[in-house]
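Common to both upcoming complexes is subunit A, partnered first by subunit B, then by subunit C.
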Partner chain A sequence: MRDRTLKYLLILPAALIVLGTTIWPLAVSLVTSFRDWRLTRSLAPGPFIGTEHYVIAFTDDPDFANAAMVTALFVLIDVTITVVSALGLALLLRRAGVLQSLTRAVLILPFAVSPALVGISFRFMFNAEMGVFTWLAGVLVPPLQNFVWLADEWAALLVLVFSDAWRWIPYMTLVVLGGLAALPKEPEEAARIDGATELQVLRDVTIPALLPVLAVVAILKTVFALKMFDQVVTLTGGGPGAATTTLAYLVYSIAFRWYDMGYASAVAWILTAILVFLAIWYMKLILRKPGQT
Partner chain B sequence: MSPARRRKLLWQAVESAILLGALFLILFPILWMALTAFKRPVDLFGLTFLFTPTLDNFRAIFAHPWNIGHTLLNSFIVAAATVAISVPASTLAAYAFSRFELPFKGALFFTILATQFIPAVVVVLPFYLLFRDLGLLDTVYALIVVNLAIVTPFATWMLKGFLDAVPTESEEAALVDGATRLRVILDVVVPMIWPGVVVTAVFCFILTWNEFLFALILTRDDAVTLPVGITRFRTERGDLWELIAAAGILISIPMFLLASVIQRHFVRGMTGGAVK
Partner chain C sequence: MAEVILRNVTKRWGGFVAVRDQSLTVKDGEFMVLLGPSGCGKTTTMRMVAGLEEPTSGDILIGPNRVNDLPPRERDVAMVFQSYGLYPHMTVADNIGYPLKLRGVRGAERQRQIEAAAAKVELGDLLHRKPRELSGGQRQRVALARAIVRRPQVFLMDEPLSNLDAKLRVSTRAEIKHLQYELGVTTIYVTHDQIEAMTLAHRVAVMSQGEIRQLDTPEAIYDRPADLFVAGFIGSPPMNLVRGEHASGVFTAAGGLRAATRIAGHRGAAMLGIRPEDVTVAPAGAGDLDASVYAVELTGDSVLVTAQAGEARLIAKADRAWRAEPGTTIGLKLDATRLHLFDADTTRRLNPE
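So, the complex of A and B:
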């Protein structure tokens, strides 16, 4: 067979999979988002109602406004902590040493744990009666002795961030370490010979050279923080109240508790639009190298 | 001792303290859950490292009514089948993207990559309705189909990275000798990138094994996988933490082994070769 035909046949299976498992459901969701479709009333899709769901979401739904706020807060705290910690830890791990190689060896472990399990484990460890972290916090900060972490709005959000950061910081540290290893040694050494202090070398040479990697880390983490769902279910259940109900969890609630498929699809698409925007940004960043694609 | 030397020692002490703290934070939750798996319920409240270990929890989760063996089998079937379908398909597509000029190649590749950014919850709604109509809710088939959505773009991107790094001379030599392109892919190219194929397969296996959202929405009893299975131990009688921990160990140990083996490539796969 000629290459001219073959190259299309080679792509065909993967293209069909992506078309069937991603593009098709995306299109269906988009169409559904313009319909009134509540499974509690009818199993068949209802009439088209235009952009009503989107209008409601942005003007007349306190749940949506709350979830958008919770998501923004979660993403902001989570991404900041992850990027700063991953950079700091990677810089410390650059050197040789027993403690360093030991830490490097365990960095991959949290990422291999199922996020659902991470959530439920943190729920256990922040349990009011027998949570080991609850106890530890009480020992370190005595006023926190009988504090019920998951019943407090802010504390619950912070525990959620902690559980997600636990999974991601070590992983992103590996990414930053990879970036550091790829940097040329000469500029740092030249700066040292010129009499720069370690802090100056870090601020003026190392970190600027590392910015592309840090940007990748920040965007990837933003994407995964926006999508984060598993731990909300298994750690906080969106509560207390709706203090940890993120947009992804709100979509789930609307669809599978209230069975409003139309509105759930609209909220899902608002989230998708944000993510696609980030995807384009990310792609531009990493595909900028000449000669690719 | 000179002030400069003293400052250096002090800084080293601070560094070691930070690293010890990091080690503690990374390992402690894993260690604590592992210990909990061997505790009797009465020992849970003690917050102690000293207790008489028991294997009762592992016996309990494999017995009625939990039957975690069945859940384990579901997880394995879904992950293995997803990998078996997506990795070959992705290898072929990655080869085409790596070696041939294609119309709209940039746009096509972008579409494949961008699907990774789509929230799973938007994909699962139409599938839920479709599988309900087809009577396929709570089957492993439904889970395999939706997991392909996550795994295939990843695999294509990873494999293209491996293919781009392989020199093309031996392929061209085989083509000149009269071999067909398909034979060359199977007999020359795949053996050369075999480590990459294995890493990709392991990577996809881990992703599918840990997947939670699809399984939560699309399964109820028969096709439940491990991440959803552990939520079953939260009963009306309260949360059975010792059983959750035992099941958690069961889910995690194979993934720890796999992840450690492919650690170096793991990072590259996730960032699509952006960070080498």
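So, the complex of A and C:
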């Protein structure tokens, strides 16, 4: 009996910290999302207005619709590029032999850079007058010589994707490389002997066996892309116009530029709901017993 | 179907020599077993024939063609792996049919060939299952069916029975032997199990440290081992080997063992070999030498008697009713026609002139 009490007593500090830093703010923001609370009018939360904020978001807010669209596009392009590149690079690096430990060390570096700094670096590299990428693009494709990347709606979104892909692809390559290393060699060798070309081995044996790992990579990257915020702040500022205003950035704008805490909480909860759904899916996938793939 | 020829093949990994200057001809339709302890180069040899490893030097021929530069898919061989090597996401039927699919065999014709191959290894009812739903024995049958579904020039089998339990191993062994007899396809089979080698092979290549120590029929390898390694490796329990001196046709060892050898020329340190079944127990004083019983082990169909004679310890196979207490003095009789003599320095067999 004493052992049991002690057991819970030892967990208590950690539980209190989680409760205070995660559960409590979540609960407060959920409650706030049902209240009218504009800091421009009052410092104290206002009256409960039911689901009005949620209704507005889905029916009567072009900013929300735009941010949802931008986020969806960003996630789609970012996840596709990351998964395909990580798979491609991992397949190439798989045969690196002795060089593998070196490449692994190099690959982890971009991930060690703070995402806000990634955004700042990319802003310089795409600067219209002195950016190295602006210059390089002009040399390779002369019509792009005077192109101002961050002033074009599509280009700015692509630059944002590029900065995020640069940060994530090497790390995801390591994850896929780990998945490849765990695959048994025999099925691939059997396919080669059965008459398959390297491309057929890849399509018929390697990729199907790697699907669980690729799914994990895709879901994880989706979760991280959905909350894209740092580089938006430091690279594009959400613009031009609202072309790179993601949902996370919109929440920040509503709360700390327009001071509408109630509505910001509602939008934040819509994003949270999507993330929680993906997180549960992800946990189910990685907790699945081996052999069930 | 074709001959497989290895000509002075060497495989090196850095400073390690896995296969050393090996030459070997597997005849058309022959069942060749590569036998040896782990790390002797037998699997590497097979993988070089398959095209999964590149030889450092030397030539590999399948039929009339030098295949060194051909990828595995162009060598027209089929391989069965120790851990099956099945495609886990495909059904049994798709596994067996994959080589056909790659060769453009379609629809009903592919289905017919899959069913024929499955029937040969008695897999008919399992065609829609996934490999993970099968037992080890069933998985290995799927691998066999995938190998026989097309008629390759050569079958390669890499320890196909070692992941199966003892009982299944015996029945699958017989099935492999029957399949090879029926199909008549040149087969190279790798194993570390001497019983598999003896039962399956037309000829056995006994390998050690990257070299073939003896290449011959199972009978010849058992009856006339070429050196001490082969003598000690083949046979269970292994051949008795006694160190001693040999001069003018007589072998003598400390502890009273004397044996006439019919070998006149050799003089010096030698090893006398005799298999346990060629040693019989007799009352003390009635055999070729006396020894003290060390252990008596009943194996079922016989009794293994280990006895100490001087420094040498000999194993004899006795009738299954035979019993004695440890320490009892008994006589041991050696079958003079079944003695083996090896030069202790070169380890090579000495033959009567």
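Observations
Here, the second predicted complex is superposed on the first by the 277 of 293 C-alpha atoms of A that agree within 3 Å, B and C clash if a C-alpha of one lies under 4 Å from a C-alpha of the other, contacts with A are read in each partner's own complex, and residues count from 1 in each chain.
The definition used in the following text is that a residue touches a chain if its C-beta (ideal position, glycine included) is under 8 Å from a C-beta of that chain, and two chains touch if they have at least 3 such contacts.
Keep in mind that this is a model prediction, so the values were computed, not measured.
In the model built by aligning both structures on subunit A, subunit B fits alongside subunit C without clashing.
Of the two partner chains, subunit C is the only one touched by A:Pro184; subunit B is not.
Geometry note, superposition on chain A: angle between subunit B and subunit C about the Cα centre of subunit A is 80 degrees, to the nearest 10.
In the superposition on chain A, A:Thr103 makes contact with subunit B only, while subunit C stays out of contact range.
Counting residues of subunit A touched by each partner, subunit B versus subunit C, the larger count belongs to B. By the touch criterion stated above, A:Asp3 is placed in contact with subunit B alone, subunit C being left untouched.
After overlaying the two complexes on the shared chain, residue contacts for A:Ile193 are found with subunit C alone; subunit B is out of touch.
In the overlay built on the shared chain, the residue A:Asp204 is in contact with subunit C alone; subunit B does not reach it. For the pair subunit B and subunit C, the model built by superposing on chain A gives 8 Å as the shortest CA-CA distance.
Counting contacts as defined above, subunit A residues 293 meet subunit B in one complex and subunit C in the other. Residues of subunit A touching subunit B in their complex: 1, 3, 6-8, 10-11, 13-15, 17-18, 20-26, 28-29, 32, 88-89, 92-93, 99-100, 102-103, 106-118, 120-125, 127, 129-130, 132, 135, 166, 170-171, 174-175, 178-179, 182, 213, 216, 220, 223, 226-227, 229-230, 233-234, 248, 251-252, 255-256, 261, 264-265, 268-269, 271-272, 275-276, 278-280, 282-283, 285-286, 293. Across the complex, subunit B meets subunit A through its residues 15-16, 18-20, 22-23, 25-27, 29-30, 32-33, 36, 44-45, 47, 85-86, 88-90, 92-93, 95-97, 100, 102, 105-106, 108-129, 145-146, 148-149, 152-153, 156, 180-182, 206, 209-210, 212-213, 216-217, 226-228, 230-231, 234, 239, 241, 244-245, 248, 251-252, 255-256, 258-260, 263, 266-268, 270-272, 274-276. Against subunit C, the residues of subunit A that register as touching in their complex are 184, 186-187, 189-197, 200, 204-205, 208-209, 291, 293. Residue ranges of subunit C in contact with subunit A, taken from their complex: 50-52, 71-73, 75, 77-79, 81, 83-89, 98-99, 102-103, 132, 143, 146, 156.
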